[in-house]
Amino acid sequence: MKRNRAAVLLAFLLVIVLLAGCGEGNNNKKASVEQAPELVYATAKDVNDMNPHLYPGSLAAQGIVYESLVENTPEGIKPQLAESWSISEDGKVYTFQLRKNVKFHDGEPFNAEAVKLNIEAVQRNAAKHAWIKLSSKLDNVVAIDEHTVQLKLKEPYYPTLLELSMTRPYVFLSPKDFLNGETKDGVAGYNGTGPYKLDEQVTEQFARFAANEQYWNGAPQVKTITAKVLPAGETTLLALQKGEVNFVFTDDRGADSIDVDAMQRLADSGDYQIVRSKSMNTKMIVANSSNAASPVSEKAVREAIWQSIDRETISRTIFNETETPAETLFSLNVNYADVGLQKRDYNPEAAAKLLEEAGWTKDGGAEVRTKDGRQLSIKLYYDVNSASQKTQAELLQSETTKIGMKLELVGEESPAIANRRSTGDYELLFNQTWGLAYDPQSTITAFATESAYRFTTSGIPQAEELYRKIDAVMVSTDEETRKALYKDILTIVHDEAVFIPITNGSVTVVAPSNLQGISFKQTQYELPFEQMRFE
Amino acid sequence: MKLLQRLMKDKLAAASLCVVAATLLIGLCAPLIAPHPPNEVNMELRFSGASWGYWLGNDHLGRCILSRLIYGIRPSVLWVLAALGATAIIGAFLGFAAGYFRGKTDAVIMRICDVMLSFPGYVMTLAIVGIMGAGLTNILIAFVMMKWAWFARVFRTAVMQYADADYVKFARVLGIGHIGIMTRHIAPIALPEIAVISSGALGSMILQISGLSFLGLGIQAPHAEWGMMMNEARAVMFTRPELMLAPGLAIIVLVSAVNFLSDGLQKALDPKLMLSEKRAKAGAGVIPPRLSGKEVA
Amino acid sequence: MLGYALKRIGAVIPLLVVISFLTFILNGLSPMDPAEVVLHAQGVPTITEDLIAATRSELGMDRPLLARYWDWLLSCLQLDFGSSYVSGKPVWSLLGPALMNTLNLTLVSSLFIIVLSIALGIVCALREGKWLDLSVRSVSFLLTSMPSYWLSALMVWYFSVKLDLLPTSGMDSHLSYVLPVAVIVIGYAGLYFRIIRSSMLSNLNEDYVLYGRACGLSERSLTIQVLRNSLQVAVSVFGLAIPVILGSTVVVENIFAWPGLGTLTVNSILNRDFPIIQAYVLVLAVAFVLFNTASDLLNTAVNPKLRKGI
């Protein structure tokens, strides 16, 4: 009997301890939602290598640790680490006056020597930076004095300041972190000049950033920012609900994974707010015009696809209006993009007529059109990790079936898709423009680049003219010629319908409702965390 | 046939057999039964609830969930079954060869079996999908590659057991060829046991394939598959949990039926199974394949 | 015994070599050029022919297959599996911690599975055919038939969201273990409980039980005898079960954001990070073989009769 009683007592105690344990955990979490002195944001991918001169790292994280000479803002290029600059008459020499009293996180001074060392380290790994044309135009860097640095180009290149403003590679790491004077084989530390410094990083779990109290532009208000690795989708949503994370934004590679309804519910609960940026980029389908064996090498087929995409419905149902219908490759707020291009509306009948006129006919009761014994069957590649791409592909497939075009959907991992794009082994694939900071110049440069959109553009009759104009626009020094050239370029690719726009994407932020000062940068990959504060 | 009679006495097993058979039939006749084309998009009906036209409601593209469930039988069950069939045939062929010819053939085939069996099945499936790319075909190839060795072993044991039986010796004396002996005398005896192993493997394969589809490594859109349907439902799990229900229950019902059936088969076969199991144990301390072949997705 | 053990271990070495070779050539199945995979994985925005050529020679792709295999094998023996294509970090620095996390999860789960399935197996075998046995068995059948992701979703929804008792994901505290462990245990306990039960039953039907009973041995001592014999089966079953569980926590890890092997592997698959996939296969296959051999040796040590088999 005694033993029995002891057992009961023990069991009772155990239950109490367990309950207490649970209760405690609960309270802690509640507290963190209410006071929230820090931001914990969910990221689908590990922050990874923070080396700013290579590409595996998270842009959002690198963006708060490192800074560039100048900053790209909606009002144009603004000073950042350079206080002012001047450009020589011939457009080949850029002279920067550096900000004084800026220190790297490890206390090293930021000066002309550091700029020279960093840029030269980047240049020695030029092959990896081929996408950024400045890397091939840059001739040398001279440190004139402690706070003056001069960049000399081989030929004039108008997007120089734009490319210097990008989050990588032309940003600055403390020279003490270099390995043997280089950054291309890894670095010893991640000390930048930015508003936050990397505090702790546990692979595949989290990375914590602490406010840089010595930041030249004033210490940021939010003292700690943690990037927590969570699988996208409902796991993130749950974590938000429970306060395990309190900040989410559509980061890298369009992690458009949170159900819009669920997001709205969170906002309705009063704990969270939703903030959306203006249009940042364009989601599109890219057609391989150079694939002679494929029907998409015909302009009529591409136009028919263009006209069978019901952008309104996609925007309304799939994105709940978080993304707006896109009628042209670049939205009108992109520089040089407002050139009055002809809209192609959603119109299945017109699409069918186009196909009919181009010789794609339905014989008898056939479901799929044919021409010279060939079926109108096209493969569309999408990223298996993107739920919205899959849904759009399925919708489009169902639409095109009605006009007698068979779309075969192939889902692949994003590296495989990138590989197809660069080797030309595709007919249609989903893609997106690079974002405001990169559009139009980087995206347009990529039209002609082998590994980017060369296969997309090289099949059109005006390809040579297009490439010539792209080369010309980048070295143009006169604003008017530049405008004219951009207009020609955009008109050619629009008329040929090789880039079929779907929607304009924006950045969506879900944040605690008492967080103020949420704003956006010119790219969908980063946020200015240093301007945020809790009320 | 005796086996079937004995099986029918077990009510649970009989019911399970009916469920499995009905599922297969529905899957085979999907175009006749499904009320709507499975891939027909109708954005107006997005996330609608059950209605007379759409008994189970509509998914995020307004497609008929019932029709997708019915068409989903094909990759979820029929293709798995086909892969299992291919595996059994390859395994049977090699197992027969090993057990019947003995000697070097046996040694070589069994060494290969050893190697294949030393890779954990799920890991290899993932690896093959990882290297060759996502997709149903690659998963099925991985299944065949990983599972044939189990079958080969069982067939070999069965053949070894019976190759020395008097009637087989007798047949040989009569001058009946190798293939004749194999098909006429040994195959019928090994078959029931194969049925047990296959049915056991089937359940776990259905779970695995839907698990991989759930992770986004499986079937390609827009084809319906139960795991894929759940993956799609997962995105709206907390606003519309009912979407998880239909495919989830379908899997549970079918897999439990398969498991009950496999259990029933085992019971119906008990006397023979015990024999071979002892042999297998005496062999090299290996666990009978029907146990280790199982993995949970 | 020693001779047998040596023989058994001797047989393992060539097996391991073959396994490693197969794992090595696995990469060859890929339809993509590893150099391009590396460059895409590193996020290099624009890839030139020169860059591909440079990367190929950096990877040593221009050397003969066997030479590459030999070098790879030697470095693998020192736990150097090369560098991740994506992050450039040594594979082991990623795989090692993930392996530990998965091992923790596996061991905790296995412990529960073993305790639960042995307890249930014994109870059900002793009550064969009674309602307890029947109900436990039917429930176990149903539970093993549940897709683990479905079960996970259900449990997260109930315990984490509705009741707000447990964390939804991650590996922050001991409480984080509860849900993933529960899902794994539910998946496997039913399976292994049946094995224990049937081995108990077949032992109970052995002649020695009948004989013992005839001799008037108490039921209690008989049960203990049967238990001892059945536990031998349990040892070999669980020896194999642990690596199987180790290799199949993928789905559960993904749902609960467990920073383990499964999460790492699925991410690597999506990024085509071949060295990690390769190391993952190798490590688990080797673990599988070693566990297998160890449980085999353990078994034969307990039961010398088995030694004659080889």
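In this document, chain identifiers A, B and C correspond to the written order of the chains, with residue numbering beginning at 1 in each.
In this text, contacts are C-beta pairs under 8 Å (C-beta built on N, C-alpha and C of every residue); 3 or more make two chains touch, one makes a residue touch a chain.
Each chain and its UniProt protein: A = Nickel transport system substrate-binding protein; B, C = Nickel transport system permease protein.
Only a predicted model underlies this, so the values are computations on that prediction, with no experimental measurement involved.
Asks: Would you mind checking which chain's C-alpha centre is most distant from the centre of chain B?
Replies: If we average the C-alpha coordinates per chain, A ends up farthest from chain B.
Asks: Name the chain pair with more contacting C-beta pairs, choosing from B-C and A-B.
Replies: B-C
Asks: In whole angstrom, how far does the Cα centroid of chain A sit from the Cα centroid of chain C?
Replies: Distance between chain centres, rounded to whole Å: 38 Å.
Asks: Quick one: report the Å distance separating chain B from chain C, using the average Cα coordinate of each chain.
Replies: Going by mean C-alpha positions, chain B sits 21 Å from chain C.
Asks: How far is the middle of chain A from the middle of chain B, if each middle is the mean of its Cα atoms, in Å?
Replies: 43
Asks: Residues of chain C touching 2+ other chains?
Replies: Answer for chain C, listing residues that touch two or more other chains: 153, 161, 254, 269-270, 272.
Asks: Please list all residues of chain B that touch 2 or more other chains.
Replies: Counting only residues that touch two or more other chains, chain B contributes 133-134, 216-217, 234, 237-238.
Asks: For chain A, jot down the residues that touch at least 2 other chains.
Replies: Residues 234, 238, 384-385, 413, 416 of chain A touch two or more partner chains.
Asks: Okay, in this complex, where on chain A does chain C touch?
Replies: Touch list, chain A to chain C: 21-22, 25-26, 45-46, 48-49, 54-56, 127-128, 130-132, 186, 203-205, 228-231, 234-235, 238-239, 241-242, 244, 384-385, 413-416, 418-419, 422-423, 446, 449-452.
Asks: Taking the complex as given, what residues does chain B use to touch chain C?
Replies: Touching chain C from chain B are residues 114-115, 118-124, 126-134, 203, 207, 210-211, 214-217, 227, 230, 234, 237-238, 241, 244, 248, 251-252, 255-256, 258-260, 263, 274, 281-285, 287, 291-292, 294-297.
Asks: For chain B, which residues count as touching chain A in their complex?
Replies: Touch residues, chain B against chain A: 39-41, 43, 46, 60-61, 133-134, 216-217, 220-222, 232, 234-239.
Asks: Which residues of chain A touch chain B in the complex?
Replies: Those residues of chain A that touch chain B are 233-234, 237-238, 257, 259, 261-262, 265, 313, 317, 382, 384-385, 387, 390-391, 393-395, 397-399, 409-413, 416.
Asks: For chain C, which residues are in contact with chain A within the complex?
Replies: Going by the criterion above, the answer is residues 32, 36-37, 40-51, 54, 86-89, 93-94, 97-98, 153, 156, 160-161, 164-171, 173, 175, 254-257, 259, 263-264, 267, 269-272.
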